[in-house]
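Below are structures written as structure tokens.
What follows is a pair of complexes built around subunit A, which joins subunit B in one and subunit C in the other.
The block that comes next holds the complex of A and B.
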């Protein structure tokens, strides 16, 4: 029995050591840590955050040492990983998934001298800032294109979890698509995971079998796009340019670009000007970008998409412009107004016309 | 019946096939008295081995073999540790999973973003065209048929052949098997390698046919489901097959139900396959004497020649 315990203990500590790839070298570089929910090879969400980390490396060279921990489950395990980073001398720690919100807050309280940044959350404190990107701006552009390109008038949406972030994306897509195609419908399948290529592909297959000819996704792997390519329908890439997985199918992709933000915040930490804040960047700040449009999209549709993008950039177009009603017909955004950030951040209703029930 | 039914049933087949391979392999391993918790690790190494060879050589046949060899190679490490060095099987199995996930990421470094055309479908002219039955029974890739053949031949092998008798003897009472002159650890090693090759094939199916791409961690816990299916199947290969299809079926049906607007919480629907597994598990094991009868008596126990 004792030997079992020793082996298990050794194994666990080995796991922790490997898991937390935390260098213990006593160098003078300031340490910045990143926690990712998926593998950096997911070619989506975590991949793009890691691209941002590498940009920090490039920008600061010898002054900063970055470390990362990938595939960290949301919940209690996250708190352990974040604590480990804080304890091992990291001065700035980015936690990059919604589910890290409470663990990050908890650890931030215990390490008041360490700066924390949590992506896509809404809980802040003196040493905990939040940041996110206005992906719905990209969804708006993608929705316009999807509305024009669909022949079956069914857009299929592979969704992860019913949180405001995801619901906002569904609404933005649908409002944009409806605005250019009154017949368009949206079918939504929730897969209850951020990353499971097989299940994401299965959901895409189900959507295609049920008539969808444009597949959009709010999950992290390129599998839905690949299914679209296989079944000769359209798709919109998620988080990074996924064209390699479906060069014919990808209409465009909504790209997250964290590089500038990570560099700016690391610099602020080094300068001592770091303050807790809430940043929500879109096209204008460069946090959201569109991948090159598919050559099969007619020129007038591309022009429409570009115009919308420019409008959002200049502030003349807002994806959530009233009148917007919810499914019960209640007016949520009055005519002539646009949704404010508070409403966007807490969005928990489907807009009128979406023929589905919100999961509770 | 709408146009969606055939695609839905086809999806069930693809969703279940990797589980069939992995679970049937583990049935044989556990029948020989070895508990290998490293299915996930063997699967993912199989997935990257197959994908890497497939992309590099362009040959689907070589890719499939590479998947099996990759899985068996990692299984060999496990076999060496637990059978030769008598390491704890549970710990070594867990370590194998963690090792496999990391090692596959390393191997797959240059293959992220590459694509593979998928496995060729075996079409039979005219017969494949028969509505409904045609596309369901024909036109699959070789691994789908392979999984069925493996189930049948494994069932036969375990129950009707001398080799099967030896495997069961070693799993039920290794001392007795040893005393009548059989090499317990050699037989077990062969089973471990077989299990690794099968898990590797399951992984190969993922990266070659299911979603022909490589992404880290793409097995997403399927190895653990396969492990549960073995208990679910009370160590019978054909039941593992049924279990895999039950699990795959419920997973796919719940996705389709959502598309049709069935008003059930998706979290509940996602839970269903696991719930069904537990319910069946309770049902088949309620008679504890029968459950015990099926579990190999030496499961998880190391064999030491001297003692």
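The block that comes next holds the complex of A and C.
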């Protein structure tokens, strides 16, 4: 009996000793944490955030240590992971999916000295900032190209959840495509997921079968693009340059570039100048970029796309310029006006001409 | 030729030791895997299985994560013992969460101590109602409950999706598909300050105790076991099979519904598009890992919860990929099945010989 106790005691103390040395290994670098909704290998949304994290590593070298946790479900688990990061000494934590909004807010309350940044949400507090990108600017350019390139006049759209950001993207695409091609139609399939290559591929296949010859997507995997490549139709990459997955199919891609923002915010945290804010960056701030255009796109279409991009950059072009009517014919943006950020942020209607009903 | 031969008599201690062997083998395989990955295996195992538990908060999180797993697994083990295969606990959890959470939304901002109990009861009834469909189909039409209960999971998820995209959407939520945040009276009480540990854990422990009493000390438990082991004998003894089908599906559905309500009124605090990251399915593993015994389910649930916490920790402390968590869970199940096979069978080299004692079942 005694010997058993001694062995157990020895084991326990050994474990504790090892645990303690593991604890001591902590260095003096300032820790910055990232929480991703998908795997870093999604080659879309989470992948790009991770590219941003690596940019922080490069920019600060020995001063900063970054950590990430991937595939964190948007539910009860999110708060645990964020708490764990805050508790283990991370001074700045980026939570990069909409579903982390309430968990981030809860944890931010408990750790007032830690700075938090939540992507795509609308709830802020003293130590919780929000940031997002004006992806719709990229959608405008992609929509113009799609409108010109489609032969069947059907654009297929693989959509995730009917939240304002996604609705805005669909509207921006459609308005741009219609402006250069009055016959164009858009077909939308909702897959109710951000990342599920199987479902995304099925949706793309169904859209192609329904006559779509340009596939756009608001989901994170390259699966729809791969389907487009297989079926010899066009596609627009999402979040990152996905050309490797469909070199012939990809017209261009709307790239989210978080590098500059992550570096700037990490620097602000180190300097002590970090403040809670709401940032919504587009072409101008470099948060949204277009991937190189497919060589098959005619020069005049490329020129048109570039002109639109420059216009948005200079502020002379706005993707949501009136008159814009909703499906019931009600004027939402009067002629000569542009949609303000408040309207864009809460957009919950399809524009006139989209022949679909929003999922309820 | 190598073949498997049924052992004459299973060693009773080995039946219960097999999960422990499985855990040990998982550790060993993990050490080998980490060595090949070029990671210090001792540090990795410690980061994965020990450091998550070295703080009060860590223990609280372990219990929070284990609560739904234990509750559902205990419920499922009743049916599994009677050969009633309810695979749809995930759907029953979802409908239970909607039934319980629906009460919270219906009485939004109503401050009464009766709200919480009403939610829990409603959650149980919701889970039961969803499990009643396979029960009716099985008893009336002889439909296979594995299929019906599994399919109903997807229907349940669509009901959830409909409600949060439509009638239950937060009016101030900028059109995002989630409900309002529950008010305080609809949140399950925290039992340990500064942590997320909530009353649900005590309910789960209570559930384990009640299940243990029913299983070992009550006629129902006896009937369930007899039906599972020897259906003919049970029929001969006059046990009503339909009663047992109903009873086990109501127990497992109710437990899953309760777990769902506890999730939405506890760590989540609102109804969101993904309430459970697959607890209803993981609980099936937990039930078998726990030998379909309530106390076994408790330990198995804690172990499974630990693999999730360890996965977070391994990512944060050692930059190991999230896939490691999946690999550990997979290995655990694989080794458990392997050990079970060896408890029941033995390897024999050579051609078929006469069975050495015992009956071939």
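Note that the second predicted complex is superposed on the first by the 335 of 360 C-alpha atoms of A that agree within 3 Å, B and C clash if a C-alpha of one lies under 4 Å from a C-alpha of the other, contacts with A are read in each partner's own complex, and residues count from 1 in each chain.
By our rule, a residue touches a chain if its C-beta (ideal position, glycine included) is under 8 Å from a C-beta of that chain, and two chains touch if they have at least 3 such contacts.
As the structure is a prediction and not an experimental result, all values here were calculated from the model.
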item: Superposition on subunit A - do subunit B and subunit C clash or fit; value: clash
item: First (subunit B), second (subunit C), both or neither touched by A:39; value: both
item: Touching partner for A:346 - first (subunit B), second (subunit C), both, neither; value: second
item: Which superposed partner A:164 touches (first subunit B, second subunit C, both, neither); value: second
item: Contacts of A:355 with subunit B and subunit C, given as first, second, both or neither; value: first
item: Which of subunit B and subunit C A:76 touches, first, second, both or neither; value: second
item: First, second, both or neither for A:192, with subunit B first and subunit C second; value: both
item: Partner chain in contact with A:234 - subunit B first, subunit C second, else both or neither; value: neither
item: First, second, both or neither for A:208, with subunit B first and subunit C second; value: first
item: Superposition clash, subunit B versus subunit C, among 5-13, 77-85, 131-139 or 149-157; value: 77-85
item: Overlap of subunit C and subunit B interfaces on subunit A (superposed complexes); value: 15, 18, 39, 71, 162, 192, 359-360
item: Subunit B to subunit A touching residues, read off their complex; value: 3-4, 7-8, 11, 14-15, 18, 87-88, 90-91, 94-95, 98, 102, 105, 108-109, 112-115, 118, 206, 210-218, 220-222, 251-252, 255-256, 258-261, 263, 265-267, 270
item: Residues of subunit C touching subunit A in the complex; value: 42-43, 46-47, 50-51, 54-55, 57, 61, 64-65, 161-162, 165-166, 174-178, 181, 196, 263, 266-270, 272-277, 308-309, 312-313, 315-317, 319, 321-323
item: Residue ranges of subunit A touching subunit C (in the complex, touch as defined); value: 15, 18-19, 22, 33, 39, 67-71, 73-77, 79-81, 83-85, 87-88, 98-99, 102, 106, 122, 161-164, 167, 192, 345-348, 359-360
item: Subunit B-touching residues of subunit A, taken from the complex the two chains share; value: 3-4, 7-8, 11, 14-15, 18, 38-43, 71, 156, 162, 187-193, 195-199, 201-203, 205-210, 221-223, 226-227, 230, 244-245, 355-357, 359-360
